[in-house]
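Chain lettering (A, B and C) follows the sequence in which the chains are written, and residue indices restart at 1 in each chain.
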Amino acid sequence: MLELRLVQGDLLKKVLESIKDLVNDANFECSGAGFSLQALDSSHVALVSLLLRSEGFEHYRCDRSVTMGVNLANMAKILRCAGPNDIMTIKADDQPDSVTLMFENPSQDKISDFEMKLINIDSEQLGIPESEFEAIVRMPSAEFSRICKDLGGIGDTVVITVSKEGIKFTARGDIGTANLVYMQNSSVDKPEDATTIEMNEPVSLTFALRYLNSFTKATPLSGQVIISMSSELPMVVEYKIAEMGYLRFYLAPKIDEEEENKGYLETKPQVKSKTESARKTNVIKKATETEPMVEDKPQDQA
Amino acid sequence: MLELRLVQGDLLKKVLESIKDLVNDANFECSGAGFSLQALDSSHVALVSLLLRSEGFEHYRCDRSVTMGVNLANMAKILRCAGPNDIMTIKADDQPDSVTLMFENPSQDKISDFEMKLINIDSEQLGIPESEFEAIVRMPSAEFSRICKDLGGIGDTVVITVSKEGIKFTARGDIGTANLVYMQNSSVDKPEDATTIEMNEPVSLTFALRYLNSFTKATPLSGQVIISMSSELPMVVEYKIAEMGYLRFYLAPKIDEEEENKGYLETKPQVKSKTESARKTNVIKKATETEPMVEDKPQDQA
Amino acid sequence: MLELRLVQGDLLKKVLESIKDLVNDANFECSGAGFSLQALDSSHVALVSLLLRSEGFEHYRCDRSVTMGVNLANMAKILRCAGPNDIMTIKADDQPDSVTLMFENPSQDKISDFEMKLINIDSEQLGIPESEFEAIVRMPSAEFSRICKDLGGIGDTVVITVSKEGIKFTARGDIGTANLVYMQNSSVDKPEDATTIEMNEPVSLTFALRYLNSFTKATPLSGQVIISMSSELPMVVEYKIAEMGYLRFYLAPKIDEEEENKGYLETKPQVKSKTESARKTNVIKKATETEPMVEDKPQDQA
């Protein structure tokens, strides 16, 4: 039997709103350690990884590990019925074909329960190697969201360049070229307004803006975003979830630019023009060849 | 001659915004008693009834009863030109082919007048019997609006079940089943946040959510909604208008479920699956056979 | 060399948002006197004129006059990347094929620069005669915007009538007739809420609402709008920009109504019915025959 009680029920609501457009169907895994999900997006370019640790729940009972296949758009519809301060309880059998989601408002005069049908999803658990990153940037999540949105109006890809001084975002399109530079800055009123950089060596990589613009739907989850980059690895865009876990997005860099890590003050953008650069996108398995993360069957890339 | 002066002119604006999508054309009736409207929606399933009593007007002159046929969408366009604090005056002849709507802002430096053409509408006055209801629920109107919207994402119909403890809304669809329960609760800070139940016997009826979702456009009119239900009668969804009247919506329950009034704690929903349940909708005359409210000609049910 | 530093960088952002839908491509002219733009809208009915005087810039260096052809929609996209409090710097060569727009946030930890490609635009500088107007009305810009939007729901054209007492806006359509009257009123809390009228003689002219509704996109630039009208001239709708300049829109009145200046209390509207009145629109050159403002080649009127 499975019974999880989460006081901040709207955390899961925000998670679903963040990922439902990127991933259609996915398995939630519930074990003694926590409640988690890993899924590739439908074009197999980006990977989503969610963890809510058991300690973060008010009550956590999970007699044996359970896999729950869910259509994320449907689950988002149900979670939208929860109020912003509702307490959520998740209940299921050991081998469930449905799961019950229950919401109680703080004054206990409103109780909702939803019986959601589960679906069968073929998927292998993906092994995500814990990696050392050359550069880790923490910055306000709303600022990162705005950058990706603004640059999406200018080009298809962004070159992200990290140096000791700051992080630079460069996009090029038919209109012209944009460079946005954020300096390291920790002397701010609120800690979440800080921009901080941990770096072993400078790194400069190119990413498709349409995926980044999908990831930033997680902005309501956390005031800060953590961007981890290495020249040989997919980048990680991470949003901490309260004190109990995280939502991480993995995205492989565009291949052409992989070998061209340029210094931070290099002003020539390394992206192709808007039309050319849209062609080649590295699927995530290419970037982590030693440890295959996806099945081999080629997939339609939307 | 007709001349009505309404200090809270935006009340009529809110009324029009509430009903203009449900009803295309309708007759406003102005008599010594008040300013009223009754109309069936275009599919002849729901009935709208508005009353603004003459006492609620600052000035009310109506020499003889006047019928004014109006295209509600056009009237809503005109009323949108009124400011939120404008005083409204309605003027017409005894046998008018147009009506003048005048708005003055509180500082009297802005005056708008609109001459609106009237149209001829064939309609019989509907006799709505005053009924005793088995259950009357008062609850926050915003909450009722949210319920109907949320459940609309899950199914086509809702089973509303009233018992002494509370009111339960159940919807079922391909996704699963939702139960929303509101307990009776009058210990609240603001009276309009209360949920109260007057009940002779438990009642459980099924309604089409698309009509309820149309009715809840009246939510800005009042902080509370009054839901009156009896197993043999159309439900009434009522919004009080200041101290001067009401806007009521009548909706017949779905026939299949009429005989199956189930207890409040009964958890099996009585609705058919999403696809099946959409087929049969009881027109309002069926539910009130003794007193026909609509003409006999069958109408296309949208 | 050209280098202009504007502390309130978002002024230019607001200008671009105001005019980008009216004009596709236009030349910015930069001289010792200031930064300016003049352009006809694509149907050659309305004229836009922008001036930002050099004194309004924190730093203004313009070695020689420079013309910069710009696609306004693209420039608006770039300016949208500027924060609301950013300082903007514009840089270009003496004969530029691109211009650099730079934004710095107040805390100087975020710097963006954009290299925007310039385009070649054939255009003659239009001579706009300084005119004496029969009536000049100042009123809250938000109020004027609302009037144009509301009347746009009723008819295609508006008759604007100015008398000593106030300004009247009349529209007529299939629904009926609307008259909005604003009295002269300077006893207000905030100066920008005043409605004031300077008038030599009453004037009443008819204008196409679709152009007015385009002009009012400039509402965020200024709390007041200045409407200048004479029976023989295009009207001017002007928004002051801080202490440094203005954005002006010129629109010729509809020809039919030109000779019919009616008094203010005249209630019969002078507009044709909705369908008839849409036909004839006076291009701006017609109204200022003595001084041609546009090339002679006929243009497609959108």
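Keep this in mind: a contact is a pair of C-beta atoms (placed from the backbone, for glycine too) under 8 Å apart; a residue touches a chain by one contact, two chains touch by 3 or more.
Treat the numbers as computed from the prediction; the structure is a model and nothing was measured.
Colleague: Using only Cα atoms, superpose chain B on chain C and state the rotation angle in degrees, rounded to the nearest 5.
Modeller: 120
Colleague: Examine where the copies chain A and chain C touch and state whether the two sides share over half of their residue numbers (same) or under half (different).
Modeller: Both copies touch with mostly different residues.
Colleague: With centres defined as the mean C-alpha position, give me the chain A-chain C separation in Å.
Modeller: From the centre of chain A to the centre of chain C is 45 Å.
Colleague: At least two partner chains per residue is the criterion; list those residues in chain A.
Modeller: Touching at least two other chains: none.
Colleague: Considering the complex alone, what residue numbers of chain C touch chain B?
Modeller: Touching chain B from chain C are residues 143, 150-151, 153-154, 174-183, 185, 195.
Colleague: Sort out for me which residues of chain B touch chain C in the complex.
Modeller: For this pair, the touching residues of chain B are 71, 74, 77-78, 80-81, 98, 107-117.
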